[in-house]
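The next block holds one structure in the form of structure tokens; read it before the comments.
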């Protein structure tokens, strides 16, 4: 009998261990215990979240693959193409070794998508870091993570077309690195992680196995602490070159009918890929670890089973096609080895050095499902003394933009990514959502990632509604309507009842808004244990939307014309950069009117359809004034003049970031029709000013020092300033 | 008949499909050529060495690809006057192979950079540039585009009109900050002595459609097309 | 003046994809005596430290602080008076 | 078995942007004794050549053929029996 301490070293609880013994009818050996340990880790098993995730709406007419596979898939409606997409976190590895951690995160999500048979066409990334301005470690982590993503994505030849970059010191000790990938697949060529047909060969392809990343999955399910800097065995080194070869070889293989199923060896490597494929198919697998290509000498069965070496795939092929499959992988200089076969009994049999290293029924591996205790808490409401909002918002804006890293040109990140390779990026990073055309098809897809952690911290239910509302409006701004949603749910420890409550509230809000907007959830990822010592990050659900562009696609044009604001003037500063900056608080109470958001979505889509507008841009971080500045920064030589006392005199209105308002650049000849159309739809619109031919930023007669504002805006990347001209 | 253009394919290339599409859009008949091939079909009139990360960009960008069998064939093809265009990583492969002088170092900012730049063409009487009008707006996407050559060699190249493109401002004249990588003399692209080999960091194949923001790349492909037509008419080659 | 040469290399257990590709290429080029390639970084530091010992200490600190990534790399320093 | 250590470095006349940035960063970190940084590459080659001399010749040829770009770089090789 193992001691409690031995069991906990494996990241299992004693009652979990007893359950394993009960199911096996004996003590597991070390290899078996390792397999159970990773498969029952939070990261692989979803044991704390599964019960709640089950409540999300996952079906819809466009859904070809919902949750449960390596990625979800939606139909693009052109009769041939479908889009596979998924998001993943790589938070803890990126803290320990930011460059490799972030790079291998990108590698992992790319594999998830191309195992579905899809060619990856876009990456997006959501980054949450502590402020880099006064903290060297934050600056280092941020810079290295961006470099790692850039290296891996660029080398793979997949454009990184969008994302988000958020700074808040709550992430200093636990930054978030979430990566999203979308890929295109022909509807009749979708692949899945199946291992059916007893006697079919189980094949290992890709890089050799080394001792890297052993126990990565349990590491991801562990909290960070002072010792994390020494957490070395978990570091994996990425090799995008091998992955590129693996991608091309797999796509070549998918042109044939040799493959029954394929899955990448991600978290928990050979263990998770083999057991998951067999479990999905109601079969078993017999493997001989001596046949696994190995990089290091004298690896034990335990190490081979648990290694998380990157750039590897497991596949099941039709018996008799082994040699044909081998030819394809050898053409691409990749390792290929038949390491076992599918068996009819639902059993895992692992051989090593002629002995049975592990053998047990796969049904025993079914992870436990927990209903963790939940402790509700009221909305966190932070009130401010009323006089604190009395200062002149225009003066405050200048101060904020000078000092807040949140209000800097995101190009400091995305210009380090190749966002054009593939020659499909019609709208790249810098817009509300990215748009990719599909060569040979009339369909085009829109992609975006959104999160609002401070809103979720105040009120997780309303917070996630705000996130989804914003995501939907961002899609509308580029003339797209969402087809499916994927999510990356970054939370603290699920063993804290308050975190579990936040989680359940986010799920409740997500369920409600997805039903309301009719958006199916096609997959996602849960990252718990984002704690450092005793404190948790803000609940940070990141939403990825994949949408279909309605009608023809084109780029926005910033030209002299009238600027309208659509949506109610809002005076609520909840979650804003403003409150964070001036009052170090997330803010007060708020709620989201989804009905109003839906009307706004309809209006914006209508404007595109009828050709009323040159451009649309939603109001988000930094408020309306910052959204305007973003426009000016993009249109070198032009300027903006605002004439609207009501909208630009109160701090609340100027800096509110709640979703529900959009800036529209209305064509002169369409103004009258636009206004009457808005009236018909019962949505308030107001002309607030215009784009003008000279480089100024004037608000109600006051000339803001544009040069100075742009200087701060481009502070982190002055060398890019002359290249942002559209 | 559309002229046949071969796009080399190395492990790690990743702009080959973009080049294929770009060539199709501009009147060529493209095909791929695997790096292990050691000969070029006689009907091939143009060789494209595409962008990407051949062999992972390990060691030095382009160094390992330059030792591929296909590069010996390309060298022969170029020696006989065949037209070769190296784009981005392709440019690096050509300098590593010795088909073009100089070397490409890491960008002075130490960043990968992806954005549009403006180019001025220094020599419009070559098969690659005859149809070029004003300044060209074209995207770059590279980490090692910092072209270096010795002062003597540069003088030589200038005398021979071997400078193809220099970075400039939107109006075609030098502007502060317009050089994204710190290259010698703001060089973005160069010819060999005979002007049948061009290497350039910007991506003309990404600039053939208004939908994606620029059609400047068409001017290079149109130049190539007309020079190939002329040489076909003249029965040369 | 001293010249410190710094060698930074991957720990033995860490994968070196670049080394593998270079090794395969050299073998293809016919170098049959080659067994294995591991890659690393090399820095030359010119130092005006007061003594050779101090120069070594300075260089080693630079390695720990910036030049090497101790999570995956080891380093070695060699110092001599500058010529 | 022999171990050849190969150092490849930029020629003095070639600019070294990476070296400059590292130099500035180290100075900002307070390393006041630092004068100049030049960067390069480091390779460990395991060789089964017949003799130390042959191992050196092999390694030098690898440098000329692949490991260095003689347009911009110089190299140095040091060989010893592998432990």
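Labels A, B, C and D are assigned to the chains in the order they are written; within every chain, residues are numbered from 1.
Note that in this section a residue touches a chain if its C-beta (ideal position, glycine included) is under 8 Å from a C-beta of that chain, and two chains touch if they have at least 3 such contacts.
Note that the coordinates shown come from a computational prediction; the quantities given were computed from them, not determined experimentally.
Interface comparison, A-B versus B-D: the higher count of C-beta contacts falls to A-B. Chain B has its Cα centroid 36 Å from the Cα centroid of chain A.
Chain C and chain D have CA centres that are 8 Å apart.
Between the CA-based centres of chain B and chain D the separation comes to 30 Å, rounded to the whole angstrom.
One inter-chain figure worth recording: chain A and chain D are separated by 41 Å, centre to centre, where each centre is the mean of the chain's CA atoms. Within chain C, the positions touching two or more other chains are listed as 17, 21-22, 25, 29.
Residue positions of chain B touching 2 or more other chains, listed in rising order: 55-56, 58-59, 64, 67, 109.
In chain A, the residues that reach two or more other chains under the touch definition are 239, 241-242, 333. Counting only pairs that meet the touch rule, the chains in contact are A-B, A-C, B-C, B-D, C-D.
In the complex of the two chains, the chain A residues touching chain C come out as 96-97, 99-100, 207, 210-212, 229, 232, 235-237, 239, 241-242, 295-296, 309, 333. Chain B meets chain C in the complex at residues 55-56, 58-59, 64, 67.
Residue ranges on chain C touching chain D, taken from their complex, read 1, 5, 7-9, 19, 22, 25-26, 29, 31, 33-50, 54-55, 58, 61-62, 65-67.
Here chain C touches chain A in the complex through residues 13-17, 21, 24, 69, 71-72, going by the rule given at the top. Against chain A, the residues of chain B that register as touching in their complex are 11-12, 14-15, 17-18, 21-22, 51-53, 55-58, 109, 111-117, 139, 141, 143, 169-170, 175-178, 180, 203, 205-206, 209, 211-213.
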